[in-house]
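Both complexes below contain chain A, partnered by chain B and then by chain C.
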Partner chain A sequence: MAITSIKNLKEFSTNNDRFEGAHLLCPGCAHSMIVRELMNCTDDNLVIASNTGCLEVSTAVYPYTSWDTSWIHIGFENAATAASCAESMYKARKKKGTLPDADAPVKFVAFGGDGSTYDIGFQWLSGAMERGHDFTYICLDNENYANTGGQRSSATPVGAHTSTAQAGSTSYGKKQKKKDMVAIMAAHGAPYVAQLAPNKWKSMAKGFQKALETEGPCFINTVSACTTEWKFDPKDTINVTDLATDTLMFPIYEIIDGHELNILYRPKNILKVEDYLGAQGRYRHLFKSENKHIIERIQKDIDEKWEFLQRREEARI
Partner chain B sequence: MSKGLEGNDNRGARELGAEEKVGWDQVTQGVVLHSFVGESENSAFLKPEEREYNDFNSYTATVASWRIVKPVYNRDICIDCQNCWVWCPDTSIISRDKQMLGIDYDHCKGCGVCVEVCPTNPKSLLMFGEAEETETALANWPEKKKKEK
Partner chain C sequence: MAKEFELNDVEVWDGNYAASQALRQAQIDVVAAYPITPSTPIVEGYGAYVANGYVDGEFVMVESEHGAMSGCVGAAAAGGRVATATSSQGFALMAEVLYQASGMRLPIVMTVVNRALASPLNVRGDHSDMYLGRDSGWIQIDAFNAQEAYDLALCAFRIGEHKDVRLPVMMHQDGFTTSHKAQNVYPLKDSVAYKFVGDFVPVDDMLDFSRPVTHGAQTEEDWHYEHKAKQHKALMDSRTVIDDVFAEFKEITGREYKRVESYMMEDAEVALVLLGSSVETAVLAAKQLREEEGLKVGVVAPRCFRPFPYDLVREALDVPSLKSVCCLDKSAPGGAMGALFNEVSAAAYSTKARPMMTNYIYGLGGRDFAVDEAKRIMREQKAHADAGHITTDIQQFSGLRGPKLGFFKTRRD
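Now for the complex of A and B:
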């Protein structure tokens, strides 16, 4: 049995960690929570590719590596390329019989930040998805280029203050909407696409397992709260992520074969988006009287999106 | 030849393009940092204490100096829910056989996530100043809080 059982957290905790401490991610960074969870939810051999971003620069600072599995660092744009090429190479060598241990189960995973997934690596990711390699791409979405000082990316939501979309007397921060990457990946016909959050560890671990098990290219967008650029206290990472999922700013859902949409988490009490915005320094300017209409716009977008997801789930098309 | 270059005798030693070629499905080593000593097994089947870590593994490094506050663990109250284990970003909760054993102070950065996610009342993990003795911290543990009505 390659995939480990995760009935409850106690059982899950018996897995041996393969992501080591003393990496240099910020205290309270959600990246490492997500990476640890992926590496703990399976005991297969993993071949991981990371493109440039917070995760890569902090986990492989010479002379140290924090990875107990095979790990490839590659340029900003091509984690998907590296993972798909490693997968092709593996298949070719398996066919030729030149693998030292041909029966050992191997899974191919690529990690990218939102900058490299939504913007810089988009073309390469799209290509790998279209070629249909058997790998899983995980986007650690912290909604900005946190590694280089918090510039806007196409994952930054409306109204957020970033270092290149600053809030001030003439601007309320980023004006454009966030790109819907999950829908774009589903439109590639990928067999498994999902949006998951680390605070819901069980749906996240199950989603990861499903993606690893599924043959073909899978894409998972994960919410990774960034204490430095979202401007909240490091201890509140999980609290902020809770607010993100309970206000439906980040709905948790999966799309199978590009059409079968399932909502994986329905909050009992749907909170108003003000709770989520108020918990972070990057939205502080929205609470000024002249910016109130932006909050209304964000809430309207969220409501529309939730309505859309529910109707998609119902329609099964 | 000037004096400073005397020791450098490999200049122009190789013909460009004459180096050994490998197929596309073979790996040439660029820079590889080995996580473990020798041929490593799949580490998923080995507990950290059973692994032979290489000096390149960040497990052998410490980030303890990042901390100004530290979490202190109170075994008496803990219910082994493992919330702290699953959400620790620094792999610093030591958990074996469904039991929480303590905190790895070499890798903990003192973010405080473990305290936030601890469900017991009072919490079985609390943040104290880095200089505080564990015994003093345990002695000053707060009482059970009554629910606010």
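Now for the complex of A and C:
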């Protein structure tokens, strides 16, 4: 596979225009950074499928499109199926000799938000992973249904305020833990699974390249800071993402063949979760005295998860 | 290369196997499917062809019917021939994607084996699933027996993939009465069948990277209406393509299909209008009544359920002698007159004779519809004709246990 060289961010960010800048995503939305990184990390032809969500509604409003490559959207839940069965069509046509350009390498990628990945599209994703198609699924995880005004999803973390899991006089926001989608995908036996973040753009690009190079179904959960629903200033997207990775709220790691775990980023100074929570309006209520124990619970969960990941990495099994 | 399948001039096939053979002969690139009674044998039959080298394409067994139709859409947008099969609950689960497939103008062929919709759960044949699809923007063609299930499945590819149509096509047959009933079927040789279906010609091909395409864009109030109107026009304009494909098929096989089949209507005083395997029952009943009792009975059967052949139904019913027509709907009407009754009545309203129109609901969940029952309904129509007014409720239930059920009287003031 042809790999675009990654020397510096400036060059990397300007060397490919298959995702056009003219789209309708919010200023400061991390989705476009992640999508551009994916499309810039390869020279191969791309077939991209998108679930309904922020990315889809912001990039393909007739008569315009931001996609200078093959792109398809069907519904909220089925981009994994669209991409995987387009891949089946590629195989069939390759065998029959009906491809327009049989020699050009083609990669199949599906994008979904956390709502369509963790919730409504869960079955379709699981089916496509089990069938073993050669494609990569990338979740743009902003931890809520941002496209419809910020409702809770099963990716919303404990304590976050959303419009359907509100903080109020008798509630501290969402009460349930975030679903561990990376573990679930690894449990499918997928050859490559990772959690990546756009502030760590080199590891993100490498992870994308690894997924595209790996034959079989790959899954990547990407942290996509949401200026609108997380409630921070649009200029602070990468700052907030730095806090997410440096507090280990979002550890960066990969799992190969369902078991071999590698941590891809170890913060030099691990920050306290208050720093991350305090930078976003959705957690503001947690700093009231009656909710302090929730912050303690979140910190405890982070510490335990980090311990777990490190043990898993050391075990090499 | 796929192996040729040795076929006899006459085979004994049921409707399911007939449909699966047609899918094999069309040399589909991707079949994405999920099994459901009573259409499962189509998928199993196709699986056997895949396992034994009779098919070159990919066979993707997905995790649900929603996934099956989603996979068909993704595969079809990638520029090849695509088909699937389903029934009933599976059809209902697909409903969302049926609209997306037609709105994206992707010529997918789906062989639907008609079955009742739950609740109560029922695996037998009625037309609830077929009716559920009637606003989905698909072409819907109805086979009345196994031979037709084979013939019309081949025609379905030609119709849907035609450059002026580019729409998905459902090829319906009745659950069990057609799908599981073996009869003589005259197949085409593989080479003849494939020559008739032809090579797939991609349009807006996702695997042609010289011309990137965006499939499934969003439109709001500024463009949605125009898109849907254009889609409706394509569906309406497919009528002439369907006629042409049927004509070409007749040249090869001698078997003639029309968008509306009409039997003994030339001098008919009363008529039944119905769909599916019951058509043959009604035709037999009409012949017997003509011989035994001298009743001038005819039968009209819309073979093409969508686009609904309004003009041809009107033509079929525009018989000066015609006095009373009964439309039989094999689907729970859900608080309305049967859908076939409504559409046929609309067509009959502008005939010169303007016959009396009545509606029977029948055969729900596979309740048998026999020749005697068809005769009883025909005689009842004759009673309306003789009385000069409808002597029963306008909507009735045929073959229902318990007290008689009917709704609406004719106004006679």
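What we mean here is this: the second predicted complex is superposed on the first by the 309 of 317 C-alpha atoms of A that agree within 3 Å, B and C clash if a C-alpha of one lies under 4 Å from a C-alpha of the other, contacts with A are read in each partner's own complex, and residues count from 1 in each chain.
Assume contacts are C-beta pairs under 8 Å (C-beta built on N, C-alpha and C of every residue); 3 or more make two chains touch, one makes a residue touch a chain.
All values derive from a computational prediction rather than experimental measurement.
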Kindly say whether there is room for both chain B and chain C on chain A in the superposition, answering fit or clash.
clash
A:126 contacts which: chain B (first), chain C (second), both, neither?
second
For A:104, select first, second, both or neither according to whether it touches chain B, chain C, the two together, or no partner.
both
Tell me the contact category for A:235 with respect to chain B and chain C: first, second, both or neither.
first
Contacts of A:78 with chain B and chain C, given as first, second, both or neither
second
Scan A:33 for contacts with chain B and chain C and give back first, second, both or neither.
first
Taking the superposition as given, does A:67 touch the first partner, chain B, the second, chain C, both, or neither?
both
Would you sort A:198 into first (chain B), second (chain C), both or neither based on which partner it touches?
first
Counting only touches as set out at the top, which of chain B and chain C does A:93 meet: first, second, both, neither?
both
Give one of first, second, both or neither to describe whether A:141 is in contact with chain B, with chain C, with both, or with none.
neither
State the stretch of chain C that overlaps chain B in the combined model; pick it from 4-12, 40-48 or 76-84.
76-84
Kindly list the residues of chain A that each of chain B and chain C touches, one partner per complex.
45, 60, 62-63, 65, 67-69, 89, 92-93, 96, 98, 104
Hey, which residues of chain C end up touching chain A in the complex?
29-30, 32, 56-58, 60-64, 66-67, 70-80, 82, 96-97, 100, 104, 200, 205-210, 212-220, 223, 227
In the complex, chain A residues that touch chain B
9-25, 27-33, 36-37, 42-45, 59-60, 62-69, 89, 92-93, 96, 98, 104, 198, 201, 227, 233-239
Sort out for me which residues of chain B touch chain A in the complex.
24-25, 33, 35-36, 40, 42-48, 51, 55-63, 66, 80-83, 85-92, 95-98, 104, 106-113, 115-117, 127
Using the touch definition from the top, list the residues of chain A that touch chain C in their complex.
45, 47, 49, 56-57, 60-63, 65, 67-75, 77-78, 81-86, 88-93, 95-96, 98-101, 104, 106, 123-124, 126-127, 130-131
